[in-house]
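Shared chain: subunit A. Partners: subunit B in the first complex, subunit C in the second.
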Partner chain A sequence: MRVRVKAFARFREILGSDIPIEVPDGATMAAVLVALRDRAGGESDAIFDEGGALRAHVILMRNGKRVKRDDSDALADGDEVALFPPVAGG
Partner chain B sequence: MIGITRDVIDAGVMIEAAKRPGMGALVTFCGVVRDDGGIERMELEVYEEIAVRELETIRDEAIRKYPIESVDIVHRVGTLFVGETILLIVVGAGHRKEAFAASEYIIDRLKQTVPIWKKEFGRDGQERWVPGEPGDRTSSPPPG
Partner chain C sequence: MLTEQERERYARQILLFGEEGQERLNDAKVFIAGAGGLGCPVALYLAVAGVGEIRLVDRDTVDRTNLNRQVLHWESDISELKARSAETKLREANPDIQIEALAATIDETNVRDLIAGADLIVDAMDNFPTRYLLNREALRAGVPLLHGAIRGFDGQVTTIVPGRTACLECIFPEAPPAEVFPVVGTTPGIIGLIQANEAIKYITGTGDPLLNRLLLWDGLAATLETFTVERRPDCPVCGGEVRP
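Right after this comes the complex of A and B.
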């Protein structure tokens, strides 16, 4: 199945703005994060720590709702995942 | 009116449109691109669906919390130069005190929860993402 990842600000510069990611049926957020870390390559340390976990300030959403990075729910085909740094509008 | 725009924000038009007979006070907050150590322009980026939803939530919170009649918020994105309006908040109320209090509440919440980011471009060619507010509270639940 395929999920779409939207990344913003510094993370968009590293990953791209709208990224289709193929994951096996039943995959959870962890599989998406592994794929994103690979995609970020040498710039992954802006998003992930040395152990491969998302840095504490990174905000993660699934279908418009904030989720925890260790969310164990299975993703569904067509889900939209969003990844962004702390907001700075106004 | 709640919205994200890529066009110039006309404060006069927004204020006139917000007026109702019961209002004795309209307080506006206008955020502007500041020349902060040689800044020439900013590029603002938005997660639009979520930003509109968060702005609507802030409007509803302000109307519940303060005795005010109306809240309008328009935030601009795209490329903005020094002196251009980034956002305009218009709060209409019977009296000024609650309108001032509500407008401060709205801008403080907006800076915490609305997914918008700014990149500054200096006249010297330097680029820099403006750091976000610590303790960001975009949507819920809190991060785990």
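Right after this comes the complex of A and C.
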């Protein structure tokens, strides 16, 4: 099945804006994050920590609602995942 | 009651929300935390909209590196307190309102006194520790907090109403890393004006506020998106304080 990932701000520059990702039926968010880490390649440091986990401050959404990076719910075909870094300046 | 001069000054917006809305603005007290990239446009637009009392706090002095975005501070203000520099411009922009500008660092010891009496708190800070402090104090006092933050060409805004919406720590449980952030002045201009617009709407009771919605501005793509945000039952700040 296929999910769509929308990335914002710096993450859009690294990953692209609207990314189709193929995952096996029954896959969870973890599979999407592994695919995104591969896609980010040498720039994955901005998004993932040394252990490969999504950085703690990064906001992850599924179909417009906030989810945790270790969310264990199975994704559905056509799901939209959004990923963005909060900003702190003023 | 509005004076003749006020009716004239605000004539074009009285067409939108009536004299009653304008009187609400005149009666409103807004606390603005920060007179930097966000605080300058927020304070200027709320001043000219006729918010009756503005209290503006910033601890810094004007540096030349501020001038690309902090539009109330000019070349001649370098080394001046930002509070004083902003106060001078705001008084000139609208002599009919009260402006109190204070040079202070917002911390645990003074935050309660600083926001005392405010109907709204505008988060125009440049760091998350102070934002979290404002969030906690807003929840304690039951006063709405208009959050805005920026970096580069990107920004985020949401309106937090204690007891009704997700709080800042529900939305951002982890602060982004501190840094000397890159920024072009248009970004805090856009985000600050969305915050000021939210303030005017909230005070006049106009439109739909950004409640439980996080608005993201991506200036390079020129897109605005809003995402639903929710209270976290396990939020350490507001989790146990659900109000009817």
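The working rule: the second predicted complex is superposed on the first by the 86 of 90 C-alpha atoms of A that agree within 3 Å, B and C clash if a C-alpha of one lies under 4 Å from a C-alpha of the other, contacts with A are read in each partner's own complex, and residues count from 1 in each chain.
Throughout what follows, contacts are C-beta pairs under 8 Å (C-beta built on N, C-alpha and C of every residue); 3 or more make two chains touch, one makes a residue touch a chain.
Treat the numbers as computed from the prediction; the structure is a model and nothing was measured.
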- Message: Looking at A:His57, would you say it contacts subunit B, subunit C, both, or neither? Reply first, second, both or neither.
- Response: both
- After superposition on the shared chain, which partner residues are touched by A:Asp70: those of subunit B (first), subunit C (second), both, or neither? first
- Message: A:Pro85 in the overlay: touching subunit B, subunit C, both, or neither? Say first, second, both or neither.
- Response: both
- Task: Based on the superposed arrangement, let me know which partner A:Phe8 touches: subunit B (first), subunit C (second), both, or neither?
- Result: both
- On subunit A, positions contacted by subunit B and by subunit C: 8-10, 12, 56-57, 59, 61, 64-66, 82, 84-90
- In the complex, subunit A residues that touch subunit B: 6, 8-10, 12, 56-57, 59-61, 64-66, 68-70, 82, 84-90
- Note which residues of subunit A are touching subunit C in the complex, please. 8-10, 12-13, 17, 56-57, 59, 61, 64-66, 82, 84-90
- Message: Under the stated contact criterion, what part of subunit C meets subunit A in this complex?
- Response: 34, 36-39, 123-128, 148-156, 171-172, 174-179, 181, 183, 188, 216, 218, 220-221, 225, 227-230
- The answer for subunit B against subunit A in the complex is residues 31, 44-47, 49-51, 53, 75, 86-87, 107, 110-119, 129-134, 136, 138-144
